[in-house]
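Paired with chain B in one complex and with chain C in the other, chain A is shared by the two complexes that follow.
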Partner chain A sequence: MADYREMWDGLGMDLEKHDMLCEALPNAFGEVYLSQKNRPEGMDYFDFVVAEIHGVRPAELVEHKKKGGKVFGTFCVYVPDEVIFAAGAIATGLCGGSQFWVPGGEKVLPANTCPLIKASVGARLDRTCPFFRLADIYVGETTCDGKKKAWEILNQDVPVYVMDIPQMKREQDIAAWGEEIKLLLNKVEQVTGNKVTPEALAENIKLINRKREALARLYNTRKSSPVPISGRDALLISQIAFYDDPERFSSKTNELCDELEKRIAEKNGVFPAEAPRIMITGTPMAIPNWKLHNIVETCGAAVVVEETCTGVRYFANPVDETGTTLDEQIQTLAERYMKVNCACFTPNQGRIDDILRLVKEYRVDGVIDCNLQFCGLYSTEGYLVQQALQKAGIPVMHLETDYSEQDSEQIRTRVQAFLEMLGD
Partner chain B sequence: MLVAGIDIGSMSTKAVIFNGQRFYKAISPTGWSPRQAASQVYSQVLSRSGFNQKQIDYAVATGYGRVSIDFADRVVTEITCHARGAAFLLPGTDMVIDIGGQDSKVIRTNAQGQVLDFAMNDKCAAGTGRFLQVIAAALGVDVSDLAALSSGQAPITLNSMCTVFAESEVIGLLSQGKEKGEIIAGLHQSIARRIAGMAQRMGVLNKVTFTGGVARNEGVRAGLEEQLGVPVLVPDDCQFAGAIGAALLAWDSSEK
Partner chain C sequence: MEEAEIYDYYILFPNHHEGLHLHKELKKAGVKCSISPTPRAASSFCGISLLLAEEQLDAAKKVIESCGVKIEGIAKIRRK
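And then the complex of A and B:
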């Protein structure tokens, strides 16, 4: 990474502690990513963004703030970025995906809290992530009990605005989510001092839709056999989508897709055509959590799709672009976001339908249902997911893991056994 | 044709040689070096069989130390090997419960010994051979005496499955003057409950084969049978199921 110490110092970061993180990341990235063979050239941009993860984009956000712009930190694919960008602010994903931040979170959270929450709280309280420092305000949501209480703890250190996510998907719940989006819009106007006009919102609905289209195009290439891009690389792109400049991200992803589509025509894959094709479903994998993808792919199988928030749930279903008034736009936003099938909803049959459909679309040989440790929602829903897959005759394996490396070999054994089972 | 299967477990290393008719076997503690244990047990079984290493057509390694040896032609997980071995040792098996030194697994299998589904314990020693060993040490008894000591005793319910907490719970029970036999009976019951839960989640079947070192403990076996309500059978070579499965897979591979 280039020298950003002055910027980090200015953001009030703990430089000494942060240096330890900066030292560890290149090794981890090199091992998981740069060791891959025949990678698409278009990955260069994403490699660069990761290499400069705490530099390039934070520097852009610093510039934005110097001009009076505001930064909103978010933790969930339910938070509508469109509204934030429409007020001239920037939304950036904040979920923590590294074990490095977990001990910091454990200082204030119970041990049986999921690693994503622990890492997110730790990254803020330990002052070791520029994004967590740059955000003027965090937008939390009520997807689980752990998060709900974590917002109250974080709120002692940084303003946290919480959106109330419905728990069911009836008409009145969609309407309630519309009301929540309206409240967010008011909050965004208040924080930025800017009015959200229907024109600005329409423009930013398009901006975020273009990002969704680029990701959908990327995922579409993964339906091919041999698959032209590894699951690790696709996951990295999804992770970067949460914090990169949306317009640049879309254009770079589309450039990569041009290359991937050429590769498909040439039958140039990163795995042999006969390699098992794996779907991963479950909890999100925040950057730099590449653990399971790395294990699966170094065992010789290709991860071809993720039914997760760092996968199809993030980009599926564009927002209807025909709304011309704020009321219409808020309605279409509410409808689109309520199509995301998170395990916090009851019932959540939509997710099971999605999984079964994606198995066909991506020609999946086996599904790994994986949740972060202590995620009660996804681990409980796993019973129904596994039941539905078994009924459909699709091999499935459940895993529960965290960000640490201590169970990597056990996980590897299970993945290998699962692949041996598929091979029989 | 001559093949070998080597199962390098966390506690003990097993090797077998198969000539199509009989299995030659050797077993020894793994100790701190899986590589050393493997080559030692391998030499042992070779000298016992009267063959030499050059005569072995194909060798399959399995177990947690499977990647640390250099004389295997192929590496296969213990899940696949145990299923194959158990189906061979007790034909008609449709579920294998294996409790080894550091993990426990439940495997659903078909008549050919192919894996249909499996589950393993999470990253902790609860319900494994290691768990029994730690508690045996706390009680001042040898792990091989656990079954005899608990035979016919009324089990005391243990609340902790965490090895560390269970150890302190056991020490607490001893200081209350509880009988060792009753505590051990409770220990067996708690392991059986945990494993039975894993098995029931997979759908309980008709014929369960119990393998791994812990299968030699009659208390755990009887507990499993009681919990599952179906016969739980232990083959004579229960500790060798993985190595025998590996040798059978080696046989298949060398035939191809």
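And then the complex of A and C:
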């Protein structure tokens, strides 16, 4: 078998501890993914990415660095990858989605911090993820209090650059985000030693837009009944989008979409047409967090759309490609990114409008509003989300969970009851 | 009544290029298989392996012989 231990050792990883993670992944993946029936053949590529998750892509990043290239680690869909790629660097998502990393985070963070932050900090400090080792610099942002303080702790171990996200969406806030993008551009130029030209930025706006288009095409297939791909598979693809090579990712996702569109024409689905159609809204699900999708879909319902940062929020709204100067391009980037409806904004009516629109577009029977434990923003906004859905007559349930399996059976029971109610 | 024991078969490779090559050949020959992370019971190294059901095993062995892909063995693992 491929032996990546030399590479991991060279990255300063704790091989013994990392080995425990390697041991757990195959069973979890087999159980959630390979046990599914009638999966699209195009999932082969994404299965391959997972099988080689700490091998092939990290090896590509190592090669990039050997040639003098830089790697930027990011944690939020607000960070504009376009700017990073335009300087010849590579952006890679770093959000931690495994319980394995949580205890490492709890060594330095309060236990009542959300599992995504704890896992991300733990993956770095415990030296058990090659991506966290490979990034020359992390780009943090001010989406929540937990993250803001976590950056300061991480900054003791790795350089962290923080972008200040506005809290409102007025004209001056969009302008302020444009200024933040400019500052990031300066930082990226300083770290890479490369100038960001309007030509390079235009090219990379197109590159990332192509990724968005591929994901939008994928999600579009999920509007069909019977649905041609499971929610678990769609979630996996979204998760991989954060760290795969953008060009290759778009091409493989489009290949899969060709197959899915054929399936739709043949009415070949992965669930019966009468299976309940579920939307999941709330906090992001970083790889390998497949917990809720797996529970819902093994209860017989299909997850057809995610209104999350590992769902629609990631790819909705392409960047306007007509800008020819850096100022124009930064303006169009700022406008596009400020359309992402994160719960860190007040007010955030745009998110509720999105949810109500997506319910119609994806013919959703019921919504599960789910947030990671201790996420005050999404948990609090849940009140307004549920109120709007109830007013519109759309069944909704709220869940709060973490990465552990301890509450899985309780959640299963609640999901089963919710699905039964949809059938009444 | 005792449940019948079911076994899965994992084809192991020296590197992912060989794995992807065989995957392509098996698909061409109509032999069903899945790309899987290698379970610890099959090898102590991480990375790609090809997962087969018992009924596909003979057909897969023929393809391996004919296409000359380098493999590092086939592990038989009891399904839990």
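Here is the rule we use: the second predicted complex is superposed on the first by the 423 of 424 C-alpha atoms of A that agree within 3 Å, B and C clash if a C-alpha of one lies under 4 Å from a C-alpha of the other, contacts with A are read in each partner's own complex, and residues count from 1 in each chain.
Throughout what follows, a contact is a pair of C-beta atoms (placed from the backbone, for glycine too) under 8 Å apart; a residue touches a chain by one contact, two chains touch by 3 or more.
This one's a predicted model, so the numbers in the text were calculated from it and none came from an experiment.
**Q** Quick one: classify A:D3 as touching chain B (first), chain C (second), both or neither.
**A** The answer is second: A:D3 touches chain C but not chain B.
**Q** Identify the partner contact of A:P26: answer first if only chain B is touched, second if only chain C is, both if each is, neither if none is.
**A** A:P26: touches chain C, not chain B.
**Q** Specify the partner with more touching residues on chain A, choosing between chain B and chain C.
**A** Of chain B and chain C, the partner in contact with more residues of chain A is C.
**Q** Quick check for you: in the superposed arrangement, does A:E180 touch first (chain B), second (chain C), both or neither?
**A** It touches nothing on chain B or chain C.
**Q** Where does A:Q410 make contact in the superposed view: on chain B (first), on chain C (second), on both, or on neither?
**A** After superposing on A, A:Q410 lies in contact with chain B but is clear of chain C.
**Q** After lining up the shared chain so the two structures overlap, which partner does A:D44 touch, if you call chain B first and chain C second: first, second, both or neither?
**A** second
**Q** For A:E52, using the defined touch cut-off, is the partner it touches chain B, chain C, both, or neither? Pick first, second, both or neither.
**A** Second partner only, chain C.
**Q** I'd like to check the shared interface: which positions of chain A are touched by both chain B and chain C across the two complexes?
**A** none
**Q** Once bound in the complex, which stretches of chain C touch chain A?
**A** Per the touch definition, chain C meets chain A at residues 12-16, 20, 23, 27, 34-40, 43, 45-49, 51, 72, 80.
**Q** List the residues on chain A that touch chain C in their complex, please.
**A** Residues of chain A touching chain C: 1-4, 22-23, 25-27, 29-30, 34, 41, 44, 47-48, 50-56.
**Q** Residues of chain B touching chain A in their complex?
**A** Its residues touching chain A are 64, 76-80, 103, 114-120, 122-123.
**Q** Spell out the part of chain A that touches chain B in their complex, as residue ranges.
**A** The touching residues are 390, 395, 397-398, 400-401, 406-407, 409-410, 413-414, 416-418, 420-421, 424.
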